[in-house]
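Structures are listed in the sections that come next.
Two complexes come next, and they have one chain in common, subunit A, joined by subunit B in the first and subunit C in the second.
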Partner chain A sequence: MISSASDRLTVLIADDNVSDRMLLSAIVSRQGHDVLTASDGAEAVGLFERRRPQLVLMDAMMPVMDGFEAARQIKTLAGDALVPIIFLTSLTEGEDLARCLDAGGDDFIAKPYNQVVLAAKINAMNRLRVLQETVLHQRDLITRHHKYLLNEQRVAKAVFDQIAHSGCLRSRNIRYLQSPYALFNGDLLLAAWSPSGNMHLLLGDFTGHGLPAAVGAMPLAEVFYGMTAKGYGLPETLREMNAKLKRILPVDMFCCAALLCLNFKQQLVEVWNGGLPDGYLLHGDGRPHTPLISSNVPLGVLSAGSFDDNTQVYPFGPGDRVFLLSDGVVDSTGQDGELFGARRLQNVLVSNRNPALLIEEVQWALARFRGQARDDVSMVEVAFAEPDLLGPPSVIYTDSGDSSPLDWSASFEYRTETLKRFNPLPYLLQLLQEVHGLRMQSSELYIVLSELYSNALEHGVLGLDSALKRDAEGFGLYYQQRAERLDRLEDGFIRIDFQIVPDGEGGRLTVRVQDSGAGFDSDRVLALPPAVTQLSGRGLALVRQLSDRCQWTDDGRTASVEFAWEGLA
Partner chain B sequence: MSVTSDRSADGQELTIIIKGRFDFSTHQEFRSAYEPKEKHASRYKVDLKDTHYLDSSALGMLLLLRDHAGGDRADIQLVNCNNDVKKILDISNFSKLFNIVKTA
Partner chain C sequence: MSNNPVDFNVLSTLRDVMEAEYPALLKVFISDSTLRVNDMTLLLRDPAFAATSTASLQRLGLMAHSFKGSTGNMGATHLSELCLQLEEQGRGVVTADDARIRSLVSQIRDEFFLVREVFERELELCHASH
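The block that comes next holds the complex of A and B.
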C-alpha cells in the first residue's frame, strides 16, 4: 500500500537530553504525528527495528551509540525504502554538518527549533518518502509484469516452435542465425521439403515488435508448410500467403519476405523477394555475387488481383549458396548515427574465404561497427547439396489401403486461361496418392509429372527454346520470355491421361502428356549425351531415369511414361 | 519530429509535412493530420523533405492513409524524398502503391 502525503506519520525522536526530547515530542505530536522516543542511538536502532517509524529526528551526539552510527544502521535496515533522517544539531561547523549527511542523514535542523521550519522539513521529507515508495511500487509492478511477459513468450514460443521446427531447418546445408526471441521481433524463418525433393525456404519480417508482430507468423507458417507439402510451387504459395495475411492483418501491418525454391536435381533456384534487403546468390566459382533484389510489395499489402507472384530463376550448382538477411543488419546504426549499409555487407561477402564462417563474419563486422553485438538480426545461408546427401523425409500414411482404387482411367485437359494461372500438379498427385502402390515412389512420380508438365507448357505450348539457357544471361531471358508468352497466350492446351491397371499382386500406371505445340525431334534430343555442366537439359534425363518406361510419339507432342509396382507386403 | 498539415484553397488537396524521424511515435499525430475534419480531401501529398528516417511502422502508416484515401483508387504523392527515404520506399516497392516524386 502506498500511504498518502497527508497521512499521519510515526516519527522516531532520538535525543539523550530529556527536556529537548519532550519539547520536540510535544511539537511533533501537535503537528498530528505519532511519536516514539529513544535516549541513545542503540535504543533508536532497536525501536526502529520493532516499530518501523517512517521518519527519524536524530540527535548527533549521544551516549552508547552516537547519531551517525545509528543513522547508518537505520539506513541499512530500511533497505530500498526511504526513511528520512533529519539530524538535530547544535553543531554549526560545515564539516560537522557534512558528517551528518555522509552518515546517511537527509537533512538537519539547528537547535533551538523553529516550529514552522520543522513542520515544513517533515512535510518535504515525507513527500520524498512517498515518491520513493511510489517508484518502488511501480518497479515491483514492472518486474512482475516483465516476469509474466517472459513466461507468456516462453509458452507461445514453445507452441510456435512445434510448428516452425516441423520443417527442415536442421538440414546440413542450412546455416542460420536467429535470436531465440526472433518471433517477438517479427522475424520468421521456415524451411520444408516439397514432394519432389525441392527445398522451400522463407525468411520473413513482420512490421512492428512483440505480440502484434508474432501473431501473423502462425497463419503464414501454416500456409507455407501446408502448400509446400502438397507440392504447390512458389507462385501459388505466395498468392495464398498474401491473400491470407491481407485478410487477417490490420492495414498497417505486413510481412517483408523472401521465398526460395531450391531445386537440387535440376540445379535451379527460384526466388521471390518482397521488401527484404537484397539477398545474395554467392557463386562457388568466384564470379561476383548476384544480388537478389526486392522487386515486389511485401506480403499482406496488395489485394489478390494486383499481387505479383513472378519469381526469378537462377542456375544453382555445386559450391553456390544463397544468403538472406533481415533489415536489422543493414539498418544497424553506428555510434555516429551512420548506417551499416549494403556496401559494408558486400565487403564482408567479398572477403569471406571460409563459407562456414560467413554468418559469424557478418556478426563480427556488425559488432565492430556498432561497438556492441546485436541480437535482433536474422541471417540464413543455404548451400547447394547433392540431392542424395540430403534425403527428404518420406511421408507417413496412416490409412490401411483396403479401399485403394486399382482399375481406372482419367483424362484432364487444361486450356489457355487455366494454363496461365493454375498449377494442376498438386491436385493430380493427390489423386494418384490414393493408389497405395504408388506412394512408395511419390517423389519420383512428382518429379516426372512436373518435368513432363513444364516441358509441355514451356517447349510445347509456349514454344520456348531450352538452348537459350546455355549461359546465365540467356537463363534470365528464358524465364522472362516464359512470363511474356504465357501472358499473351491465346490458344493452347495440355492433356493428361492416367490409366491404372492391376497386374498380378501389383499394378501399373501409364501417364500420357500431350500438348498443343509443334513437337520436337525426340530421337535426336534423347540421343544427346547427358548434360552435366550445362544449365539445361536435365529434364528429359530425369524422366528417363526415374520412370520404368518412357517414349515420345506424335512428333514429340505426346510423352508416355510408365510406373509399375509389386504387391505390397 | 513533428507533423503539420495544410489544405489547398479549394479544399481538394491535403498536404502532410513530416519533420524529423517518421516512426511509430508519430502514429497519433499522423492519423489526426488526415482523419476527417470537415470533409475528405480528394488528393493527398506527403512531404518528406525534412524527414531523415522512416521505419517499417511509417510504411504501415502510409498504408493506413492509402486505405483512408480509397485504397487502390487513392491519389497520394510522396514528395521530396531524399535518398535514404527513397531507398526504404524502394525496397518495399512502394512505388507500386504511391506516386513517389524525388524532388518537388
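The block that comes next holds the complex of A and C.
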C-alpha cells in the first residue's frame, strides 16, 4: 500500500547534542509526525532497523559512529525504497557538504533551524519518497503482470500450435516458415487431406499479431479440418468459415486468408484469396509466374448473403509450385521506413533457381533489406507431387461393422436451386461410409463420385465443353463459363441412385448418376487413350481406373459404376 | 550585531515551538553546555594538549563545532560566533595558534556565563508565571 504525501511520517532524528535533539523533536512533532531519537550514528542505524522510519534527520558530526557512516548503512538497509536523509549541519565547507551527498544524503538543513524551511524540506523529501514508492509499486506490478502474461501466452501457444500446425503440414511437398513478431506467430497455417486425396491448405492472417490475433484460429481451424475431412469443397468451407468468423469476431477483427485445394490426380489447383498479398503460382517450365491476386474480401467481414466464394482454378502439374505469404513479409520496413514491397519479392521469385531454397532466399532478401518486421511473418510453398508419393493416411475405424447395412437402395434428385448452392457429396459419402466393406475404398469412391457429379453438372446440366480445358487460357474460360451458366440455370437436375447388395461374404455397390443434359458420346470419349499430358479427359479415365466397372447409357446421360468388396477377415 | 548575549526573537520562537517543554529545554541546554565548557577548559589544561598536535586540534574542533550548533539554535549568537572561530582553529581552516586558542576558550567561557544568566532568568520567569 502506498502512503500519501500528507501522511503522518515516522521521522528519525540523530544528533549527539541533547538540546538540539530536543528542539528538533519539538519542531517535527508540531508538524504532525512521530519522532524517534538517537544520540549517535550506531544508535540511529539500530533504530532504523527496528522501526523503519520513513525519513531521517542526521547530524554529521557524532561520536561512536558519525552521520556519514550511519547514512551509508541506512541507505543499504533501505534497499530500493527511498528513505530520504536530511543532514543537519552547520558545516560550511563545500567539501564537507559533498561528503554528505557521497554518503547518500538527499538534502541539508543548516543550524540554527528555521521551522518553515525544515517543514518545506520534509514535505519535499516526502513527495520524492512517495514518488519512488509509487514507481517501485508499479514496477512490481508490471513485473507480476508480465510474468502472468508470458505464462498465459506460453499456455496459449502450446494449445495454438496443436491446432494451427497440425494436419498434414509435414508432407514432403510443403515448405513453410513462420517467424513470430512477439512470443508466437498468430498466423494460421493449416493443411489437411480431403477424402478424395486432395490437399487443402489455408494461410490465415488475423488482424493484429500474436495471441489476440490467434483467438479466431481455433474456430477457423475446426471448420477447416472438419469440412475438409468430410469432403466439402472450397466454396462450402469458405462460406462456413466466413459465417463463423462473422458471427464470433468483433467488427474490427477479420482474417485475411488464402485457401488452396491441390488436386494432384487431376493436376489442378483451386485458389481463393481474400485479403492476403498476391500469392504466386510458379511454373516448373519457365513460364512467368502467375499471380494469385486477392479478389475477395477477407473472412469474417461480409454477411453470408454478400460473401463471394468464387474460386480460380489453374492447371497444376509436375514442377509447379504455389507460394503464399502473409503481409508481414511485404510490410517489413527498412531503416528509412520504406516497405519491402511486392516488387522486391517478385525479384526474388524470378531469380530463384533452386526451388528448395525459395523461402530462404526471401529471408535473405529481407535481411539484406534490414527489414524490421512489424507483424508475424509467414511463408508457405507447396509443390506438385505425384499423388501416390504422398497419399493421405488411411483412416482407422473403431467400430466393428456388425451393424453395417448390406441390402438397400436410395435415390436422390437435386434440382436447379440446389445445384446452384449445395454440394451433396459429403453427405452421400457419409452415407456410404456406413457400409463397412466400402471404407477401404472410400478415397476411390469419393473421387469417382465427385467426378461423376461434376461431369453431370458441368457437361450434362451446364453443357460445358471439356475440350476448352486444353490449355491454361481455356481453363480460365471454362471456369468462368461454369460460374455464369450455373448462375443463369433455370431448369436441370442430377439424379443419383445407390444400390447395395450382399454378394457372398462381401457385397456390391452400384451408383447411377443421371443428368438433365443433352448427353454425350461416351464411347468416343472412353476410346481415347488416357490423356496424361492433356488437361481434359482426366476425369473419365480416373473413373474407369478406380471403379470395378463403369458404363454409360447410349444417350450418354446416365453413368453407372460398380464397386465390389470381399468379405472382411 | 546585538549587544545582548541572547537574541530575544529566537527566544520567543523557542517558547512557541517548545510550549510546555520550554523550561526543560533551557535546563537541558544549561547543564549540557556547562559540561561542554568545562570539557574545553580541561582539554586546554591537559599537559598533552598542543596546538601542533592534529589529534588535539581535531578534538577541540569537534567540541567547538557541536557547541556552535546548539548555541546557534538557542539564539546565543555571539557565543556561536566564538565557537565558529575556535572550530576554524581546530579544523585547520586557519593556522592554529596556541595563544589565540586559549584566548578564544576563555572568551567562550565568559560569554557562556552571560548566556547562562539570561536563561536562568528565563527559567525564573517561567516558574513565576505558573
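Just so we're on the same page, the second predicted complex is superposed on the first by the 408 of 569 C-alpha atoms of A that agree within 3 Å, B and C clash if a C-alpha of one lies under 4 Å from a C-alpha of the other, contacts with A are read in each partner's own complex, and residues count from 1 in each chain.
One rule holds for everything that comes next: contacts are C-beta pairs under 8 Å (C-beta built on N, C-alpha and C of every residue); 3 or more make two chains touch, one makes a residue touch a chain.
Remember, it's a predicted structure, so these values are computed and weren't measured experimentally.
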First, second, both or neither for A:Met22, with subunit B first and subunit C second: second
Contacts of A:Thr207 with subunit B and subunit C, given as first, second, both or neither: first
Partner chain in contact with A:Ser351 - subunit B first, subunit C second, else both or neither: neither
Which superposed partner A:Gln162 touches (first subunit B, second subunit C, both, neither): neither
Contacts of A:Ser303 with subunit B and subunit C, given as first, second, both or neither: first
Touching partner for A:Cys256 - first (subunit B), second (subunit C), both, neither: first
Subunit B versus subunit C as contact partner of A:Pro277, first or second or both or neither: first
Contact residues of subunit A, present in both the subunit B and the subunit C interface: none
Complex interface listing, subunit B residues touching subunit A: 24, 56-57, 59-61, 63-64, 67, 71-72, 84, 90-94, 96-97
Residues of subunit A defined as touching subunit C within the complex: 16-20, 22-23, 26-27, 30, 59, 61, 88, 90, 93, 111-113, 115
Touching residues on subunit A, where the partner in the complex is subunit B: 205, 207-208, 251-254, 256, 274-277, 294-298, 301-303, 306, 327, 339
Residues of subunit C that touch subunit A when the two form their complex: 10, 13-14, 17-19, 21, 24-25, 28-29, 32-33, 62, 65-66, 68-70, 72-75, 80, 93
